[in-house]
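The structure appears right after this line, and notes come after that.
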Amino acid sequence: MLASWMLAQSDYPIPMTNLTLGHYLFVAAAMFAIGLIGFLTRRNLIIMFLCTELMFQAAGIALVAFSRYHLNHTGETFVIFVLTVAAAEAAMALALVVLLFRRRESLSAEEWGQMKG
Amino acid sequence: MILFATILIPLAFAGYVAARPAKEAKSIALVGTLAALAAAVYALTQFNWSESSQIQMRETVDWLRQLGGLGIQRGEVTEWQGGVALSVGVDSVALMLIALTALLGPICVLASYTAITERVKTYYVWLLVLQAAMTCVFASRDLVLFYIAFEFTLIPMWILINLYGSTNRRKAATKFFLYTFTGSIIALAGLVYVVWKVRGPTGVWTFDIGDLQKSAMIVLSSREQGWVLLALLCGFAVKVPLFPVHTWLPLAHTEAPTAGSVILAGVLLKLGTYALFRFAIPFVPAAAYEYAPAIAVVSIVGIVYAGLICWVQTDVKKLVAYSSVAHLGFCVLGLFAFNTTGVSGSVLYMINHGLSTGALFLLIGMMYERYHTRSMKEVGGLGSKMPVWSTFMVFFTMASVGLPGLNGFVSEFLCLIGTFQAGSWGRSPGGTGGNLGFWYAAVAGTGMIVAAMYLLYMVGKVVFGPLREPHGHHGHDEHASTLPADLTAREIGILVPLAALCLWLGVYPKPALDALKAPSAQVAETVKAGRQAAADFGKPPPPPRVLPAIQ
Amino acid sequence: MIGPVILYTLLALGAVGVCMALPRRGVSPQIIGAVIAAAAGGLVIVALSLKAAPAIPNVYFYIFSVISLGAALRVITHPRPVYAALYFILTVLSTAGMFVILGAEFLAFALIIVYAGAILITYLFVIMLATQAPTGGDTEILPEYDAVSREPIAATLAGFVLLGVLTTLMFRGLPNLPPPGKPPEETLIVRMPGKVETALRNAGLMKAGEKLDRNEQTGAPAIDLAAGVVRIVDKDGVPRAIERKDWPAGMKPANIEGVGFSLLADHPGAIEIAGVILLMAMLGAVVLARKQVELDEEAKARHAAKLSAETEGV
Amino acid sequence: MTELATTVWQGLAAAGLGAAEGWGVPPAVPGPMWIGLIPALPLLAVVLCTLCAIFKVKSKLPAWLTVGCLAASFVVTLLMYLNMSGSPMLSTAFTWIDVSWGSERSPRNLHANFGFYIDSLTCLWMLFVTGLATLIALYASEYMSHDVGKGYSRFFAAFSLFVFSMACLVMADNLILLYLGWEGVGLCSYLLIGYFYKKPSAVAAAKKAFIMNRIGDLGLALGIFLIFVKFGTVEYAKLFADGAFKEMLGHAMTGTSESWAKIPWDVKLIPILLMVGAFGKSAQFPLYVWLPDAMEGPTPVSALIHAATMVTAGVFLIARTYAVFQLSPSALTIVAIIGTVTALLAATIGMAQFDIKRIMAYSTVSQLGYMFAGLGVMTSVGACFHVFTHAFFKALLFLACGAVMHGFAGQLDLRKLSGVGKMPGWRIVGITMLVGCLNLAGFPLLAGFWSKDMILAQAFITPGMGLVGWVLLLTAGLTAYYTFRVYFRVFVGPQEHHPGDEAHGHDDHDAHGHGGHGHDDHGHAKADHKHEAHDFHPHPPGWAINLVLVVLAAASFAIIPLTFMGKHGGWVGDMVSHSSAAWSAPGEHHDDHAGHSHAAGDTHSHAGESSRSHDEEKLGTFLGMDPHAVMYYVSGVVGLIGIGVAYRLHLQGRTSAATSRADALLPMLGPIPKWAQNKWYVDEFYHFLFVRPLWVLSHIFHLIDRMLVDGLVNLAGILPRALGATIRPSQSGQLHGYAVAMAGGIGVLLLIVLLVAR
C-alpha cells in the first residue's frame, strides 16, 4: 500500500542518471564508513557485529543502486546472497558470542586475545 | 631388477610394518632388512668385477620423460631422449656403498631391539624408508632421482632424531635438517645450472648422470666450473661434513638414537663424499683440480682441529662424532689427490669409516642402554665389568686409530700416500703429480697422532682405569633396562660381523682394492681430460675429439 | 558534481561530529556531535543535488537517506546494545525505503522480513541473554566496554579517510560509466509464455480455446519483441497477432520475476552454495550452542569475588 | 754439522769406501713357504689364547700353548737359519695392498705383499726374538700365575700377538709390512703396559707409550712415502736393486760436494724421517720418556718388549735401510749425536733412581743410545752385536728384578731391600743377577764387554767422532756404577726386606687399583692390608723362573765364543755383513785383533787394504794409540772403576737397606741428584711445552667451535627468529587491531590508487 503510494508520487521507474547514482553511492559509502568506525571503536562484540551488518547494508544499497542503473537484476541477486551471508554470520557469530559470554561473563572483544602469534 | 629390488624391498616392508601390530614391528623390520641384504649380496655376485668402472645392472623405467625429454614415436612405442627417468645402475663404488647400507640395515634394527620401546611402528617404518632412500641415492643414474632421494633421506632422519633422540633432540633435529637442507638447495642450483648448460642446441634436457658427466666439462668455462664447484661443495661439504660447516654433526650424533647415529655415520655422511666423487669431480674436473689445495687445506684443518676438539670432550658420543669430522677429512683429502691410490683409499675409507665408527656408536649405545649416561666423568673403567664389550671397544678403537692389520689403516695410508704422491714429483717413479704433496701429507699425518691421543684417551677413560658407575647405579637400577652387565648374544651377534669385516679389509683388502682400481683410475683420467678441456675451452673444436667415456 | 574543497570540509566536519558522538567516559557531547554529523551528511547530499537540477532524485530519497544515516550513527554511538539494535532496525527500514525507490520492491520487503524481522530479533535475544541483569534495585550500570569507545579519534580518522577516498574515486569514476541501460523487463516475457497467456486472458484479449503460437521445431512461444507482436492461434490453428500497443499492463514482468529469473536461471550454482552456507551455519550454531562451557579461571575468580562480596553485603 | 759430516765423508771416501759398486746385496731368491710359520705360530697362539679367554679357562693352559707355539716358532727359525744361503730369500704369503696405475708403457704400482725377506740380519733378529720370547713366556707362566683365570689368557694373547708383530716387523719384505709390525708391536706394548688396567698410572703410561711411538711412526710413514715416491717401490729387494737408488748411492760414496748436490733434497730427507721413527720406537733422546714409564707393565713384558726386542726395532730399521742412511750427509751424524746424548742422559738419570726396575729401564735407554751411536759411527756390526748381547743380559736383569718384585710383593725400592742374594731360595737369582750386572757394566771378557768395546773403539776411529767416544766412555763408567749400585744394595749386604704394597699377592690389582711401586707408602699401613711387615714372608721364585734365569745367564756366557767365530765382529758380524746392513767402517779394515777379516766381503777388503796405508792419518785415534788395540783395556778399566766406586759407596760398611755411604756425598752435589732423580724434569718440560699448550689449544678450539663456527650458524638461525619476535607483538590477538590495520590498509591502498592512478 505504502509502496504503491510512493510509486505514485514519481514517474516510476525513475530515470537514473549517473548523478543520481552518485547520491546513492555516497549514502552507501557514508554508511559503510559509519559501520567501519563503529566496528573499530565499539568494544561490545554484539555491537561490533551490528556494525558489520551496517556495512552489509551499505554494500546492499550500492548493489541495488547499480542494479537499477544498469537496469538488470544481478545486483539485486547479490543482495540476496549478502542477506544469506548476513544471516549465516549472525547465526554463527551470535552462537559464538553466547559461548564466549558464558565463559568470561563479558562481551568485551578485548577479553579474547588468543589469536596472537 | 635386482637394484630396484634392493630399493623396494625395504619400502615394501615399511608398508607391511605399518600395517601390522606394533609388537611384530621389529621382527618384520629385521626380515625386511635381511631380505634387502640378501638382495644386495645377490647384486654383489651378479656384478662383473672385471669391469668395475662400467655402470652395470642398468634399469630404466620411464617416469617423467616429458620433463625436458624429446619423444620420438616409433610405431607403438615412444623412444625418449633425455627427460627424467627412474634410472638405476651401479659401478663398484656405488655397489660397495649399497652393500654397506644393506649390511647396516639389520644391524640397526637389531641394535634397536631393546632401546626403542615407544612408538615402535613409526620407528621401524622410517628406518626402512631411510634405508630405501639411501640405497636409491647410490643406485640412481638420474640426477633428479638422485636429488630426490638425497633430500628425502633428511625426513626419516629428522623423524628418528626428533622422536627418539635424547634430551636436546628437537634442536638437534631441526639444526640437522635446516643446515643440510640449506646446503643441498645451493647444490641443486649448481646441478640445475649444469643441466641447463648441457641441454644444448637441441633443447633436450638430459638428466642422465653419465651423459652429464660426458658433456659438463666441455660446456662449462673454467670460471663457471669454479662457481659450480662452489655450489656443489656448499651442499656436499655440509653433508660430509668438512671443517667449517660441520657443527650440525656432533649435535645430531649426540642426540640421535643409536641406530640413527650408526646410519648417520655409516651411510649418510658418505652421501656427501659419494656425491663429491660422482658429481663434483666429473662435472667440473678443472675447477676441482684448481681448488684441490684449498679443499685439502680445509680437510686438513678439519682433521687436526676436530681431532683436538675430540680430545677435550667428556661425552663419548660427541667424541666419536667429532672424530667422524676428522676421519672424513682424510677421505676428502684422498679424493682430491686425483690419483688411483688416493681415490681408492678414499672410497675404501668410506666403507671402513662406516664399519668402525658405526661399531663404535653401537658400542656406546650399548653402554648408554645400561648406564643412561655417556659422560666419561660418570662412567668408566668398564673393563672389569664388561670384558666382552671392552674387548670390542678396544678393537674398534684400534680400527679407528688406523692400526695396520685393521681396515682403517689401509684406507688412511692410501689416502695419505695419494696426497703425498700428488706433489710436484710427477716424474718420479712413485709420484703421480698434482698440486698437493709433502706438506699436505705431513700435516694430515699429524692427524694420526691426534687420533691416537683422543681415542686412547677415550679408551683409557671408558674401558680402563678403576670402575666408575653413575651414582645410584648398583648393578642395575630398578628403572633401568633388564640387560645383563655384559653384552647379550644379540649384541655380540651384531658386532661380530662388523669386526670380521674390519679384520678382513685390514688383512686382505685386495679384492676391494682391485674393484676400486678402475673407478679410481677413471677419476684420474677424468681430471686429466677435464683440465685439457678447460685449456681448450672456447677454441674452435678442430677435429671432434673423443673424450674418454666417463660413467 | 561537488567541489573537492567543500566535500572534504564537510567530511571533516562529519568526522568531528562522529567523533564527538561516540560514547566516552564522563560528559560526552554526544548530541552536539550527532547534530554536527547529521548536518554534515545532509549538506553533502544537498550539495550533490545543487548542481544539476534535472537529475534531482525523488524527495523520499532525502528522507530515507537522512533517516538511515542518522540511525546508523546512533547504532554506533548508543552505549546500550538494545537501543543500538533498535536503531539498526530503523536503518534497515529506511534502507528498504530506498530500495523501493530504486524499484527493488522484493528486496525491500525481504530486507524488512529477514533483517528486521529475523536477524535483528536474534540479536535482541542474544543481547537479552548476554547482558547481566541489574542486580537488586540498583540502576543499571553500563559495563566498561559499552560505556567507553576505543580509540575514537584514530578510528574516525581511518573511517573518514576511507570515505573521502571512496567518494573521490567514486566521483571521478562516475562519468566514465556506461550510459544507463535499457529496460530489461520485456525480454523476460519471451521466457514467460504462461504469464503472457494469463495476462492476455485476464485482459480478455485471448478467448477460451486459443493459445500461444509456438515454433514447430523449437517449441519456442511466438512472442516477437522485435516486431512487437504476440501470435496466438485458435483451436482451429488460425493464427492471430496482438500488437504491442494492445498488450495489457499485467504482461510486464514484475521486479520479483526479474530477480527470480536472475537468481534461478543465471546463478543456480551460487544459490546452491548459499543454501549450503545456511545449512552449515545452522549446524554450526546448533553445535556451538549445545556446547557446555566451563568458566575460565579468571572468570571463576571474578564470580567468586562477586559472590563473596554479595554475601558480605548480606 | 754439515762440515763435520763432510769431514767424515771425505775421510771415508778417501779410505776407499766410496765405491758404490762395492755395496750391494745379492739378488733375492725365492724362499720356502714354511718360513711363514714363524709369524703364523705366534698368531695361532693368539687365537688359542683368545679361545681360552672365551671359554674362561682357569688353568695355565694359555701359558703352555704360548710357550709351545713360540718354541715351535723358534725351532722353525733355527731351521731357517740353517737353510740360509748367501742370497736373501723371498717368500710371499699373499698380496696385501696392491694399487696400480700408469699406462701400459710405464706401469706403476704400489705393491705390498704379506711376504718375507730373509737374510742373515733377519735371522739374527728372529733368533733372539723367538728364543727370548719362548724363555720369557715360560717365565711369565709362573710370574703371572696370580692372574690365572682373570687376565692370564689376555696376557698371553697379547704376548703372542707381540711376537707375531715383531716377526712381521723383522721379516717383512716391504716397508709397509714393516710398518704393520711396527705399529703392531706398539699396540701390544700398549695393551701389555696397560695390563693392570685399573691402575691409572699404568693406563697413562700405556697411552704415553703409544702416542710417543705414533709421533715416531709418522716420521716413519712419511719416510716410507718418500721412498715410494722417489723410487717407486716399498719392497726391499726392488729398492736395493733400483737403478736410481744405486746411482744416488754412488753420488753419496763419491763424497764430494758436487756429488752430494746431485742427490735431491727430498732423498736426503728420507733417512731423517726414518730416523724419527727409529727414535720413537727405540726411545731415543727427544722421544725416550715413554720407556721408563712403560715399566708399569708386568716384568716379563718389560724384559721382552721394553728391553730385548721391541726397542731394538729402531736399530733394526736403521740396519735394514743402512744404505738409505748413506744418502744423507748428516743423517748418521745426527744418529750418533742423539745416541750419545741419550746414553749419557739416561745414565745420569739412572744413577739417581731408587726403583730398580726403573734403573734398568734407564739403562736400557742408555744402552740403546750406545747402539745408535754405534750405527752413527758406522759400525752397524757393533750396534747389532750390542743389540744381540744386550737382549740376553738385559732380559736377564729384568727377569731377576721381576723375581725380586714377585717375591717381595711388588717391592722395588733399593732402599727397602738388602742382601736378597743370601736369603734362602734366592741364591740363583743373586748369581744370575750378578752375571747380568757384570755384562751390563762391561766387565772384561764378558759378552757385553766385547760388544760395547766395538762401538767405543769405532767412535774413536771415525773421524770427527772423538767427542762421541769420550762421552760414551764416560757413560760406560756411569753404567758400571749404577748397575752395581743396584746389585750391591739389593743382593748383597745385610739382609733386610720390606714388602711392597701388593702383599696380598703380586700385582693383585683387584684388591687395590691404585698406587705405584712401594717406595712411598711403606710404614703407613693401608686400610686394605693391615698386616705388619714382619708377617710377610717373601716367596722365592719357583722352577720356571729359576730355570729361565739360569738359561739366560748361561746364554750370556755361551754367546762369548760367538764373538770369536768367523770374521770381524764374530758370528754377529758375519750375519750383519751378509745383509743389507753390511757396511764397514774404515777402521775395521785394518783391525786384525782377533784375526778377523773384513766385514763387507772380499771385494770390499781389497779396496780397503789398498787405500789403508796412506789414509791412515785421517782416521781418529785414541790419545794417539790405535783405538782397537787399547780400547779393551781402557774400557775394562773404566768399568772396573765404576764397580769400585759403587762398592765403596754402596756396600762397604752399609748396615741397613736404607742408608749408605753415598748419602753423605749427596749434599756436596747440591740440587743435582734431586734433578737427576726427577729425570732432569724432561717430562715436566714436555708437559709444559707440548701437552699443556695443546690441551689449552684444544679447549680454545672447542670454544671456537661452539662460539664462532657454530655461533655463526646459530646467528643465521637467530636473525629471522629475532625479526619475527620484533614483528610478533603487532599480532596482538585483539580483533580491533586487525580491523584497524585492515581499514588503514585499504585506505592506504586506495590513497595510492588515488594519487598514482590519476
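Chains here go by letter, A, B, C and D, matching the order in which they are written, and residues are numbered from 1 within each.
Quick note on the criterion: a contact is a pair of C-beta atoms (placed from the backbone, for glycine too) under 8 Å apart; a residue touches a chain by one contact, two chains touch by 3 or more.
Note that the structure is a prediction, hence the values are computed from the model and not measured.
Put simply, the chain nearest the middle, going by average C-alpha positions, is B. Centroids of subunit A and subunit D (each the mean of its C-alpha atoms) stand 99 Å apart. The distance from the centre of subunit B to the centre of subunit C, each centre being the mean of the chain's C-alpha atoms, comes to 71 Å. With centres taken as mean Cα positions, subunit D sits 39 Å from subunit B. Once the centre of each chain is set as its mean CA position, subunit A and subunit C turn out to be 6 Å apart. In subunit D, the residues touching two or more other chains are 736, 740, 743.
Annotation for subunit A: residues 36, 40, 43, 109-110 touch two or more other chains.
A complete list of chain pairs in contact reads A-C, A-D, B-D, C-D. Within the complex formed with subunit C, the residues of subunit D that make contact are 736, 740, 743-744, 746-747, 750-751, 753-754. Against subunit A, in their complex, subunit D makes its touches with residues 728, 731-736, 738-740, 743. Here subunit B touches subunit D in the complex through residues 175, 178-179, 244, 246-248, 305, 308-309, 311-313, 339-341, 344, 381, 383-384, 394, 398, 403-405, 409-410, 413-414, 416-417, 420-421, 423, 425, 428-432, 438, 441-442, 445-446, 448-449, 452-453, 456-457, 460, 463-467, 507-510, 513-514, 517, 520-521, 524, going by the rule given at the top. Every residue of subunit A that touches subunit D in the complex is listed here, in rising order: 36, 39-40, 43, 48, 109-110, 112-117.
Residue ranges on subunit A touching subunit C, taken from their complex, read 3, 6-7, 9-10, 12-27, 29-38, 40-44, 46-47, 49-51, 53-54, 57, 60-61, 64-65, 67-74, 76-77, 79-81, 83-92, 94-99, 101-110.
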